[in-house]
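For reference, the structures are reproduced in the following blocks.
Both of the next two complexes hold chain A, though its partner changes from chain B to chain C.
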Partner chain A sequence: MTWISKTITVFGGLLLAHACYSAQEHAALQSFKAAATSTLTSSTPAASSLPVDIAIETIVATLITVLGLVLGTRPLRPIQWRVWAGKIEREGEEGFLGNNGEVEKDYMGNPFSYLESRPSFVDIRKQRKEFSQWVKNGGSQGKN
Partner chain B sequence: MAPSLLYNPAKLPPSAALQLAQQAPIVLQQSLSGTETVDQWATYENLLLSCLRTGDDEAAAKCMDRLEERFGADNERVMALRGLLSEAQAENNGELEAVLKQYDAILEGNNTNIPITKRRIALLRSMGRVSDAASALVQFLDFSPTDAEAWSELSDLYFSQGLYSQAIYALEEVLLLSPNAWNIHARLGELQYMAATTSGNGGGSQQKYLAEALKRFARSIELCDDYLRGYYGLKLVTTRLLKEQAKQAKTDEGEFTLPEPRTIQRLDELATAKLSEIVRHSSLKDRGWRGYDEREVAAARELLSQNGIER
Partner chain C sequence: MLSERDYQISPIVQESVMHNSKALQNLQSLSASLFGISAGILGLESYSGFLFYIFFSLLTSFLLYTTHILSASSTPKGYKENKNVTGHKGLGSGVTGVKRYFRGGYEFWFGGVGNGFAGFVLTWTLFYGLVRA
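On to the complex of A and B.
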């Protein structure tokens, strides 16, 4: 999925660069022409607008770039609290994978779980005891 | 899935803690000379906690040194971690008393040192001096009443002493501070359910607790779709309420309002349907249903089979 969006973005960027280059060339040509004519006749230079094909190319290039960028964004997240919370409970980390297949950096599970684990009040001696008990019991499946 | 060193490891199971502690050599190998990253110090702190838990004191001491080097030994958070280190390494009660004296000395110099205050309370509780811990905690909450974590600890402390009404009060304070915490709503429901099952005087207060618990579980589900814990509690409460209604005629006390029997019946059906859906999907390991704790799913399955419902 990502390579499609990247190709489209790059293509749009190229098109945009081409349009810019064309516009610049057009302007240079116009000013050259104006300079050439003003030496002969001191009349005002003809007001020259950008050719319509360059304008169209710019607009199309912008649209294509935007399309590419939109395709490349990460999946949208739920904005309703209960849906978001339910996603955390139901899917866990799997629900919050980024485009690269890794868990997104700001995923932290239930943000209120600290109210139940209470890290500032941790009883480290009890944890140590439980851990050594767990190791003694074989270590593969422990409680708590 | 690998646990991350970026979050506090307090709630992780032993296997995950071991996994984290085993990363110690890799993390400690990196020299400090490079540029600081946002996650670096959180990593050290959590590694320190995991290593202490698994008994890897050497690596823990190294983490501690690095944190102290960076933030200075008089940083409040670092002081608390240093205290944690000495608590973990204390071998007998005398040494623990010494650590406690140290905390007292620190607090005498600066009695607004919140991390150390919390460590002192935790140490008191760990040493079995629960009433001292409770009074210290109440004192702490007097000058810092917006600390949700401390209220939650107080609730747990009272709960461990069987003082349900106090525990419920403290947890209600937590809900005032973080009203969207769906797990706390469920926890409060659990406390109220337990209070209802243990209160011997029956009748009024029991019914009141059950009605409250029903509301709490319903709220936790409202805040979180497909919340296994919430539906489990809802199922327990509705089953009990329906059973009791069959036994006794409806007693209207006026203080609280129990929903209509029909509503309870429907809530019960909803909880049953949701629980069996969750259990079914989880045991098939369907995509998008793998976030539940396996033990919780097993408990839900047991509850359903107790009620004679085929999956």
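On to the complex of A and C.
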């Protein structure tokens, strides 16, 4: 996903640079012409309007670059606590992938996960049974 | 405007608010400089330049709305069957649109006009001067 937006942005930037160079050349040419033709009148050269193709190129380049930037923006997160927690509960880390397909660094994890590890709710008899089973099996295969 | 009590009933995740506004501001300042460049190339002056800026920053907000908000706040998959049961829409999918990601619509739609204004004027004058030297 990230390379699409980067490619679009770079392409738009190239178009914009080309348009900028064209406009600069046009202005230089105009001032040169004006200086060559009207040396006698010595009036300030009237700023002729930009050729329409340069204007169109500039606008199109701007639109393309903005599209690339918008596509490159990181995914937004819900701000309401219930919506946010529901999204984590439903999607887990899948819902918090950055543009590069990795989990974002400031992803905090499930806010309810402490409920799963409360010591008072540990089934100690079941764990003891599992442990004795594990010892009986030789202690190498791990828990069954 | 929400009162204290409303915030207690439906709390807000500060980290998400900061994440969203950071992403939005990043986009807005970058795109404002970009609009300054193109306004300078086009050689816009006075009101037409400001109108250009306002139009394009609204367009940016609209693009962000269509790509990041409309697509993401559709009903999540797997919870569609909840919809028809008792009329509610399923867990946590009740808030849609801009309200899901930002405090208010104003910050999203018009915040960019103020945020990137200085950058816009800076690059506008710079490129106007560069092109029409």
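Points worth noting:
Here, the second predicted complex is superposed on the first by the 99 of 144 C-alpha atoms of A that agree within 3 Å, B and C clash if a C-alpha of one lies under 4 Å from a C-alpha of the other, contacts with A are read in each partner's own complex, and residues count from 1 in each chain.
FYI, a residue touches a chain if its C-beta (ideal position, glycine included) is under 8 Å from a C-beta of that chain, and two chains touch if they have at least 3 such contacts.
Here the structure is a predicted model, which is why all the values come from computation and not from measurement.
When the shared chain is aligned, chain C comes close enough to touch A:Leu67, but chain B does not. Contact with both chain B and chain C is seen for A:Met108 once the two complexes are overlaid on the shared chain.
Look at A:Gly138: by the touch rule set out above, it reaches neither chain B nor chain C.
Contacts of A:Arg90 after superposition: both chain B and chain C are touched. In the overlay built on the shared chain, the residue A:Ala19 is in contact with chain C alone; chain B does not reach it.
When the two complexes are overlaid on their common chain A, residue A:Ala27 makes contact with chain C while staying clear of chain B.
Touched by chain B in one complex and by chain C in the other are residues 81-83, 85-87, 89-91, 108 of chain A. The part of chain C that touches chain A in the complex is made up of residues 10-13, 15-17, 19-20, 23-24, 26-27, 30-31, 34-35, 37-38, 41-43, 56, 59-60, 63-64, 67-69, 72, 76, 78-79, 91-95, 100-103, 127, 130-133. Contact residues of chain A toward chain B in the complex are 81-83, 85-95, 103, 108-110, 112-128, 130-132, 134-135, 139-140, 142, 144. Interface residues of chain A facing chain C in the complex, by the touch rule stated above, are 16, 19-20, 23-24, 27-28, 47, 49-50, 54-55, 58-59, 61-62, 65-67, 69-71, 73-87, 89-91, 106, 108. If you check the complex, the residues on chain B that touch chain A are 1, 4, 7-8, 10-11, 13-15, 17-18, 49, 52-55, 80, 84, 87-88, 90, 115, 118-119, 121-122, 125-126, 148-150, 152-153, 156, 174, 178, 180-184, 187, 222-228, 287-292.
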